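Chain lettering (A, B, C, D and E) follows the sequence in which the chains are written, and residue indices restart at 1 in each chain.
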Amino acid sequence: MTTTTPPTLAIPGQLLGPASRYQPGPGTHLHESNLHASLVGQVHITQPARALGPAKRLTKITPAPAPAELPTLSVTPATQLASAPSREKKKREVLPEVGNVVLCRVIRITPRQAVVAILVCGDTVLEAEWQGLIRVQDVRATEKDRVKIYESFRPGDVVRAEVISLGDQTNYYLSTTRNELGVISAVSEAGNTMVPVSWKELMDPKSGLMELRKVAQPQ
Amino acid sequence: MNDRRRINGPAGATLAPFFDDAAPQDLDTRSTRSRPPNATRKLLLKTGVTPSASGSAYLEIETSAKPGLSGLKLSCSVHGPRALPKSAPFSPHIVLSTHVKYAPFATQQRRGYLRDSSERDLGIHLETALRGAIIADRWPKSGVDIIVSIIEGDQDRETSKLQGDEVWDMMNTLSGCITVAAAALADAGIDCVDTVAGGVAALVQDADDGSAPSIAVDPIPSEHKRILAACCVAYLPTRDEVTNLWFRGDLPASDLDLYTSLVGHGIQASKNANRVLIDCLSGTVG
Amino acid sequence: MSNDRPLVLPGETIDLSLIPSHPKNPLRLGPGLRHIPPSDIVPTAAGELITNPVKNSMWVEYNSNRYIPSQNDIILAQILRSTSDFYLCSLAPHTPPATLPHLAFEGATKKTRPVLLPGQLVYARVSLANAHMDPELECVHASTGKADGLGPITGTGCIFDVSLGFARRLLMARPAQDGGLAVLEMLGGEEGGGMAFETAVGRNGRVWVGSASARTVVVVGRALQETDRGRLGVEGQRRLVKKLVREMS
Amino acid sequence: MTATTTPEATFGVLPRADGSARYSHAGYTVTGSVNGPIEAQRREEHAYEAHVDVVVRPAAGHGGTRERHLESVLQSSLAQIILVKSFPRSLIQIVLQVENSPENDYVNTKLVQASLNFGIMPALMQTAVLALLSAGVPMRATATGTAVAIMHQDGAKQTMVDPSPRDIEKARSVHVLAFTSQDELLLAESEGDFTVKEWDLVYETARGICCRSRPQAKEGMAMLLDDESTGGPDMRQFLRSTMESKVAADLHWK
Amino acid sequence: MAGPTISLPAPIFAKISPHPFLVRSLTRSTAADHPPCRANGRATQELRPVRFNATSLSHAHGSALVRLGDTTVLCGVRGELLPVERIPQFRPVDKEELRQQGENNNGNCGDAIGRGELRDYDLLVPNIELATGSAPQFLPGVPPTTLAQTLSTRVYSLLHSTGLVQAGDLKIWYSPKEQRRGEDVEMGGTGDKEDGDEEERPVAYWVLYIDLLFVSFDGNPFDVAWAAVVAALRDTRLPVARWDPDREVVVCSKTERRRLNVRGLPVACSAAVFMEKEQSEAGAGPREGGHWLLLDPDRLEETLCKEVITMVVDCSDDETRIKSLEKQGGTLLGRELIRGYAGIAERRWKEVRTAME
């Protein structure tokens, strides 16, 4: 077993270090009690104190969570590095996970639910569009039984929501119950960008007409 | 039968040009292998050729000195991970789908637009080769498309008469597909346990004098009198695992170790390809 | 064609003199017109521009076959299936189903709600219609809680498709005078030998004809459809009724 | 030209459809049917507007890549005059069946494929507009279109309206233009060999045919098409008088 | 989305509301020193440079690889033989007609014959393949999409209307006299009597399969595809072929190759109209708000624009000739703008010519 320090650059399969000294982070995997890279990129050692960024479902990699005090090894693709020029900067795809706050656009509404396309997860712009559902009972915390989808969302609205479940084969389940969640930008029936006036109303500045929404409290 | 979605050629089928001064002695003056039997041809590999894709790569096998002998040219693009089609059932891991297609002008015989059996075979072999390398459970409910376009097949333009060569060409093509796809997957940032690469070894007979056949890696059919058998190996170097093995032809029953050593040579070839792959990938970082 | 009801085509500019200007009532735009802020009113269909200075309303009168739900329309819907808390019903072929809540009937509660089977007809009002959602129906007045004639259609009868314009004429207060439509009165009157039947007309171009005698249902239905398709005037309608009665007996 | 020089149209030729029209002009006869707004299939459903689906069926044989191209040209133009945003997620389907066309589509007993068919484009466009009007599909405007060719006869240039397939064969350049009822240029397709000056000439000619401002005096009554001035029919007047008689028939009871 | 989204980082803003994002980048300059531009960093009138890369495809008779920004197309031209006896209802065109054609070749009517042959016998077969993983929206293994079919049709149509290739170049003649001279000896000269009157006749045609493979797709497919077709045809060398009367087949020379003579250099130049205000029914028509003519639109811009224009020009002669004009999907491009567009197309033509030579 080598006790040398991990390399700075890694190629998939490359040995990074023993599991006894590091715990696996994004871009790595465990094989025969050793950490190997699973991506091309730069190797980072994160000391346990600092929490790591968008966790890549560690549970799937380590059957039993490794002792907390171990530093975490991760591999970050070159394209994702800050150093890369913004033009080429192509974020590596991530998946929405329970607890993530996502930005999505409303595609379709029914009395039961709003169907949305998830566009941004955390601070990562997604390449693919993942479909999500905001069910009528997950729109707001109070007076759940009085909620009407049509008075909360309209197709085209941009909504900030939280992932509450992996959902079914096609949809992630989302919630907007918290105050800071809900519609962050919407266009009126007349086609003008509206401004929030209350937690449940937006106004078309041109026509002065009000429209009902579950409005996100500005952060 | 007219394809209504394409522009069709003349109703009466057209003929590939028939060469008059195609000297019959062609068979004899066929090029003989200049490389040592355990040497592979020079491989050129480049990632990021398709910016609009999640990941992509281009592979070219250097054309040998002899003119008219075309080297393999492959372009591969990876799309995903992305949402599965609505119809698809729930999948706890990523769903791999591979497509291999010859360009119409890639080979001696003009290729049709619809995928034929050999293209489907290549696709299936490629899929199994890659499935063993990808860490699939990191991407639940998602799919990835891996598309390889064969811009030029590994084939000698002149040797139209040599039938059966197709099969051996496919071996080289597949090993190229595996290597180029591995590069594209890494470029797309899809987690893999290792870098998989392809390699081919063949049992060839070069002399007519009944002498024992020899093993050559990365064979070019036109450089050998006869190819008795060949295998294409997809191999993970750091794990020392074979994810896919494709064997064609028949071996003399006399020598039982022949098969093992053939595969062994295939792995050797794969390791050579892997070096190129690693250099290429290392170049993209730092 | 008289000039107080001029022909308009989509996108044409409407002569301002034609736009009613009532001191108090706000201007109400009916079908076939759209308002482009600030002050343009533009036709969206080809038809006659009708204005009503008293009601201060205007619309484009034209005939068509495709029903587009609009709030407070009275329609004939057919139950497709039932979900946990509402029925899905069809208003017209090839359109997304409308929802009819189980409790949107007079005096309906979780226990007493009417149980309707697929294929059954309901006479209902469009309670919600907008571009973003499938329409919603009700068989009870939200305010009064009364059905006023709405609800499941009972009794033996049959449903007939007619053009939307024809349905609108049937729904007029005085079809004979305003709509030039006397065929039903005739069938009930001496021309028809006093047939006994009832009808329910939906704005979605559907007419239900009910009668104890199946034959009567057929005759009335045919009478309506042929009056519609044949664009018959009152005289034509009389002749048609006579003919049908003759054939029947 | 052997074929009719004045356009003709009849409505309601397909009673099952929401709207339909048969239109004949310059040797082309096209029957169009319109259905919609109806429920769209998921894959062709647009979240924020109606999907306009145009199907062109040739007089002989099956449609090929040429029809797909015609369809996409018509689709992008018609979607401009239909109020698509009013019917999100729905489908407006327009089927255009070519009944007969002056040219014989078969050469060497096989279909001539792919090359654009300029002659037929105006007829298809006009039929679609008429069928949409008869279906009462809400629209932003109406549209009129025409085909113009530039011929070179012994050195002299001359424009020709509604050229026959033979003329098109000989023409130096062929053009199809369509205008909205607000006199905006909606569609312009040209092929051959021409200069900006020549195109200008074509534009003028086409505009004269498509956008003749309608005489206020005769306002109201259906009239014969005046065919003299620019050597082409007055398409807008044709559209208006045609609709006039249709509406009058529909509202006979008034 | 003026209000809230401003606070968001640019890439996120671009993703959740691309239209307003493009409007903003076109209206507000990011820095004092450079004016507002498109989201891709280009000025509205700025075209991506076009690059022609030499390719050698050993199984094709001609090929070209053309790059326009991130759009890359590979074109392979391949000739196959079509013997006249395989053509149903073949009607030979005699030398006389051709001579006429030759004379008034610049005149239009003469070409008609050749054009007829090209079309009637389907001698030019262009097809475009997008489903190569060139972009996420093109799914692999599916039949050609409407876009692919439309592109193929436009290329096919332009190939014929421009007369880029002439039927004469694709025709293979058999002239008994010339070929027999050598043989006279053993034939004892009697041959002349028997078939001396045998006329020179066409025996076969070359059919050109022109296949376009999109390696990478980032908008403006037609301009690139057409440029690739022209370049590949100019690169095409067909084997010299002759009729062998004994074997009754057309035989090709392995060594001798003849270059196809390609007439003119038509160049396509496309643009899309971007509206400041997304058309909404309740709101006003397209006239409200500003608009921009985005030359050589990329993939994102194409999704945000409805009205498009393509003009194909050839400035080989002193006077600029327009070979094709396609404007559709909107009402903004009127007479004046289209007139002015010819100038832009000329500019593009010059760029492409220099890039090609």
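Going forward, a contact is a pair of C-beta atoms (placed from the backbone, for glycine too) under 8 Å apart; a residue touches a chain by one contact, two chains touch by 3 or more.
Everything quoted here is computed from the prediction, not taken from an experiment.
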Those chains which touch chain D and also touch chain B: A, E
Subassemblies held together by touching, chain B left out: one piece
Centrality ranking, top chain (CA atoms only): E
Farthest-lying chain, centroid of Cα atoms versus that of chain B: C
Chain pair, B-E or A-E, that carries the greater number of C-beta contacts: B-E
Separation of mean Cα positions, chain E and chain C [Å, integer]: 55
Chain B and chain C, separation of their C-alpha mean positions in angstrom: 67
Whole-Å separation of chain centres (CA-atom averages), chain A against chain C: 49
Of all residues in chain E, the ones touching two or more other chains: 87-88, 121-122, 136, 149, 152-153, 156, 279-283, 285
Junction residues of chain A - those touching two or more other chains: 127-128, 155, 190
Residues of chain C whose C-beta touches two or more other chains: 34, 37, 132
Interfacial residue positions of chain D with respect to chain A in the complex: 47-48, 88-89
Chain D residues touching chain C - in the complex, by the definition given at the top: 15, 17-19, 35-39, 81, 83, 86-88, 133, 135-142, 180-182, 220-221, 239-240, 243-244, 246-254
Residue ranges of chain D in contact with chain B within the complex: 42, 62-65, 68, 108, 110-111, 113-114
Contacting residues of chain A [partner chain B, same complex]: 8-9, 11-15, 27, 29, 31, 36, 38-42, 56-57, 60, 77-80, 90, 92-93, 95, 127-131, 166, 168-170
Of chain B, residues touching chain A in the complex: 54, 80-84, 86, 88-91, 133, 135, 137-142, 186-189, 191-195, 236-239, 278, 281-282, 284-286
